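In what follows, structures are represented as structure tokens.
Consider the two complexes below, in which chain A is the common component and chain B and chain C are the respective partners.
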Partner chain A sequence: MYGVALRMLLGDRAKYVGLIFGIAFSTMLMSNQISIFVGLMSRTASQILDVREADIWVMDPRVEYVDEIEAMTDTQLQRVRGVDGVDWAVPYYKGLTVAHTRGGSLQQVIVIGVDDATLTGVASKMLLGSVENLKQPDAMIMDRAGFEFMWPDEALSLGKVIEINDRRAMIVGICDASAPFATFPVVYTKYSTAMTYIGSTRKQLSFVLVHARAGEDPHALAARISAQTGLKALTWRDFALATVGYYVKRTGIPVNFGITVALGFIVGAAVVGQTFYIFVLENLRQFGALKAMGVSNATILRMVLLQAVVVASIGYAIGIGLCAGFFEVSSRVSINLRGFELPWQVAVGTAGAVLVIIVIASIASVRKVMVVDPAIVFRG
Partner chain B sequence: MANGFFTIRYGIPLFALAMLSFASWSIASKYSTRVVAKPPIAAPASPYRRSIVGSGIVEPASEVIALAIERGGVVTRVDVVAGAKVKAGQPLFAIDERDYRAAVAQGEATIAAAQAAIASIGQRMILQQDAIEQSRAGLDVADAEHARATLDHARYSELVRNLSAPRQRFETAVADVRKAAAGSAAAKAILSGARHQVELLTAQRHEAEAKLAQAKAALEQAQIALDKTVVRAPIAGAILKVNVRLGEYAQAGVLATPLMTMGSVDPLHVRADIDEADASRIHLGAPAVAQLRGNPSVSATLAFVRVEPYVLPKKSLTGNTTERVDTRVLQAIYSFSPKDFPAFVGQQVDVFIETPEADSASQAALVPNPG
Partner chain C sequence: MLVGPSGCGKTTLISIIAGILTPTDGEVEICGENITRMRDAEKVAFRRRNIGFIFQQYNLLPALTVAENAAIPLVASGVPMAKATVTAAAILGEIGMGDHLGKFPNQLSGGQQQRVAIVRALVHEPKLIVCDEPTAALDAETGRIVLEILKTAALAPDRAVAVVTHDSRIYRFAERIVTMEDGRIRSIRMMPSHQFSEVS
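== the complex of A and B ==
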């Protein structure tokens, strides 16, 4: 009987292809848009995600997200170190400043100052040079995208010199930092060197990075640091979520993407639902004949569902493949689209959405078959 | 038709399968859990369960002694290099001493002159004694003459009364008595004058002696000044920094950059800055360790020395004249043996001080009791 159902489906080639195309298009649109949205939002927390050594970020209580910085006094670092359960704590500076190239062009850069003694917090993937090179005088590490942005059409190389706040800064390493939301080049340097790059302000310490002792619950430790020092302490995950949450709340980005995703869903549901409905309607005579031959309603329901599932599976597989292909190509073609990829959560979620579409389409169509009079076969 | 059917029947599902596999591969290749990295260089971690942490600076047990010179001058000798171990009193550097040496020579000459003056007065005293003797003899002669004249007068007055001698002879005797009396008075005056001359000479000798004492004091002063052209080590220790070089002018007084700094380097001290907010948690004598910056595996156990009971503004700020300082720190001082911990004077270290389980009000023990 299921063979008959499939034969019925394949018999109407135009609708068969149309259904698959509808599902594939809808899948592709939804997964693509959600993936880009997720990628864009996670860019806002790039600097947090790039610090792989720390469990907890400690900051001034007024800080809401990573780009809004209220500096603290240097002695707060020592206070955090004194909290029970802290394995180690190091200072971390983040700020924006202007760099001058030898060619005379100006470029906003994100300056990140890492602890002089431990060099904790530099993006872990080094393409050229090593993190220890930061110990050299006037040394800094730049991210690959920043290098390519400042010196287009030049191969990555060490030893290039720029000027930041009238001070010499030489590239001693190139790393693969996650793309920042603001797209500026990222410059890693020693904390003390960063201080000379930004000029003198009395409070300088942006963040304290904390590593919990083995067996210590990071959440409990964060709460203890807050209680003992009066500062705000968040686990890296909470801080990243807070940062993403800030952009979701304060910008129109989710609305924009939400509309596109909804469009994909609605168009998919409408096209697929309507096509499937017409397909069932056109095959009403065949279903009627089957009923006349004594096939039960339950069997017919299963037949329709089988047809729907086959179409949905093939359509989803093609759509998700196209989406994956898009990201595979885009991330290789443009450095500005680096980091955009298809997460498995999005693939699973899209599958769920496709399932909802196909269930809606089946329910809308199968009602007609259930109530069809077998005598329809014999009518003109 | 059959071909088309084949495509529809197997081609599309196969294509779909291929696409699904591609998507799965793509997702799987990007999927990675967060790799937890270790800091490139180990970070300092507290060896205690509960601790207070301060950034410390290594200093000599004597604190840093900024050596100064009392009078300015051009440096002519530098006897030590930075790092040299010196004994108390050992010469370190010297300025041009010629002026001071000349002052000493002058002082010595003044003394010699004063001594010569005293000797000459002594000689004159001896001469004067002779003169006195001479005058005394003269007086004796005059007295004898007077006695003889008086006897003559008495004899002639008797003879004249008896008219056995002429009157003229008597009058001569009377005049002789008067003459002899005058001669005696004159001899007496000469003797008295000679004696007065001795007193005058004695006074002159006192004056000369006072001048000698004055010259001696001046010489001593000149010698001290000469001695001060050489700067010596006030205590035994090590030279930390030498800022004087041959031919430079060494300025006197307190300088922003001292001419030379030294201190006693065994044991060394660590001066730990503790945020005033943490000051209440510190316990006197609690165990503490210091760790080298950049290599926390090198650490040393510290011995508590003292807490400076004055909470002072933190020093290592930007140094901007307009800045407002509201960070104040309590300074705790610990000592360690340089054999155990290879730290240089002036190096920054991380200091971990153990605190007991319960933070009691230990600050009461630190604050000096007014009673």
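== the complex of A and C ==
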């Protein structure tokens, strides 16, 4: 009878397409918005995630997330280095300033100052040049998106010069950094050079990056650093989560995306529920006839559920395919949309939501079919 | 044949006979089995095995072809659709529907649809065929043809056909005419010898 159920479903083309469209639309909207939200939130921690070498980030105790910087005195670096279990510790500067191109245009840039000796903290994937080039005078490495933003119609190249705080800065390398939350160009330079870009202040050190000695538990070491220095020390993972958590709690972004996702769910459930209910209602006589002819309630139930599952599966496949296609195309069309992708967890979660939608849609319909009196077929 | 004015209880009675409705009182024995004592699942299986249905509105599944519609009772019994349609197609051929096997119900006239319904009622060789106003939606000539087909194809030594009708033009096809009034059987008339018995 399952073949009959499928033929009944496919026989009503308009409703079949409507059901598929409803599920596909709902899937696309939910998975797309959640993926963008996840992508956006991971952008807030992109600079933490790009520094793969450090186990622990040390900062002023009042700092809550990576973009809220309360500078420390450079002596704090030595205090951190003195904590037992620290393999190495290097300074890390992060700030925002304005760059001038030779054409006279202005552009706000994120300046990252890394340790002069080890150059720890530069995004690891170099597209042009090498990290070692930073040791040249006035050298800086720019991220690819920043280069394309500042020189939109030009191929990636080294040797371009910009001015930051009246200081000359020459591009000696181009890297593929993770997209930051605010899509400003990211400029990596030596810590000492970064200090010349921002001017002299009493406190300049944004963070201290720490690598734990082999066999040392990073959480235990972070606690020890905090205890001995009075600074805040977090593992890179905890700091990334704290940064994401800050944006989740303190901004309207989750509410905004949450509303869209909820709308996707509600519209999907309403459209699919109503269409499926009408589909079953219009076939009620047929189901009644089948029951009269000796088809059991259990078989009828399985027929209706099969119809629901088929519609959900096809709609979900189309919706999730559209979502994946959207990210594939959008990341190619605009570099500013890089990093937005469909995580498998979102795909699985959306499948769960679609399952709930189809269960909601089926409940009323199944109930109607279950209680239909087979004698309905004798009523003209 | 079960006849009587509207609201007299014909449909209720035939629904009880077919095991679709459960009587509030009394017992019903059909094909030698007491169906009032059966559980729901047993009744469903009983109907599947023993009863064929012909409805006033045909109730063919619009998404299925003529042959597939006629094969439904076999499919419900677990016969694969391909095998069931072969069986159904053979009977359809016998009643002049062989050229319409692949058509859908909306491509057929009312008379043709009722012929498909007749084959659907016969295909699993039930012991009882229950017909509810089988000619009500048909013109006189088509109704006559359909009844001829029903009489030829359905009547068999071990089979009964119960027909609910308002259509006095088809009384002549009956062996017995049961007249109902206000929920009670008023008379059972034997045809064509016109033996007559009153039922109090």
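Heads up, the rule we're going with is that the second predicted complex is superposed on the first by the 380 of 380 C-alpha atoms of A that agree within 3 Å, B and C clash if a C-alpha of one lies under 4 Å from a C-alpha of the other, contacts with A are read in each partner's own complex, and residues count from 1 in each chain.
The criterion applied here is as follows: contacts are C-beta pairs under 8 Å (C-beta built on N, C-alpha and C of every residue); 3 or more make two chains touch, one makes a residue touch a chain.
Since we're looking at a predicted model, the values are computed, not measured.
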item: Which of chain B and chain C A:Trp88 touches, first, second, both or neither; value: first
item: First, second, both or neither for A:Met1, with chain B first and chain C second; value: second
item: Which superposed partner A:Lys160 touches (first chain B, second chain C, both, neither); value: neither
item: Partner chain in contact with A:Arg43 - chain B first, chain C second, else both or neither; value: neither
item: Contacts of A:Ala289 with chain B and chain C, given as first, second, both or neither; value: second
item: Which superposed partner A:Phe378 touches (first chain B, second chain C, both, neither); value: second
item: Touched partner set for A:Leu10, first chain B, second chain C, both or neither; value: both
item: Partner chain in contact with A:Ile314 - chain B first, chain C second, else both or neither; value: first
item: Dominant toucher of chain A (residue count), chain B or chain C; value: B
item: Residues on chain A lying within both footprints (that of chain B and that of chain C); value: 10
item: Contact footprint of chain B on chain A as seen in their complex; value: 10, 13, 16-17, 20, 49, 52-53, 73-76, 78-79, 81-82, 84, 86-90, 115-120, 122, 124, 131-132, 200-202, 211, 229, 313-318, 320-325, 327-328, 341-344, 347
item: Parts of chain B lying in touch with chain A, wherever the complex brings them together; value: 4-5, 8-9, 12-13, 15-20, 22-23, 25-27, 30-31, 34-46, 49-55, 273-275, 277-278, 281, 293-294, 314, 316-320, 323-324, 327, 329, 350, 352, 355
item: Residue ranges of chain C in contact with chain A within the complex; value: 11, 14-15, 18, 20-21, 40-41, 44-49, 51, 53, 55-57, 59, 61-64, 68, 72-73, 75-77, 81, 132-133, 136
item: Complex contacts: residues of chain A adjacent to chain C; value: 1, 3-4, 7-12, 285-286, 288-297, 299, 373-375, 377-380
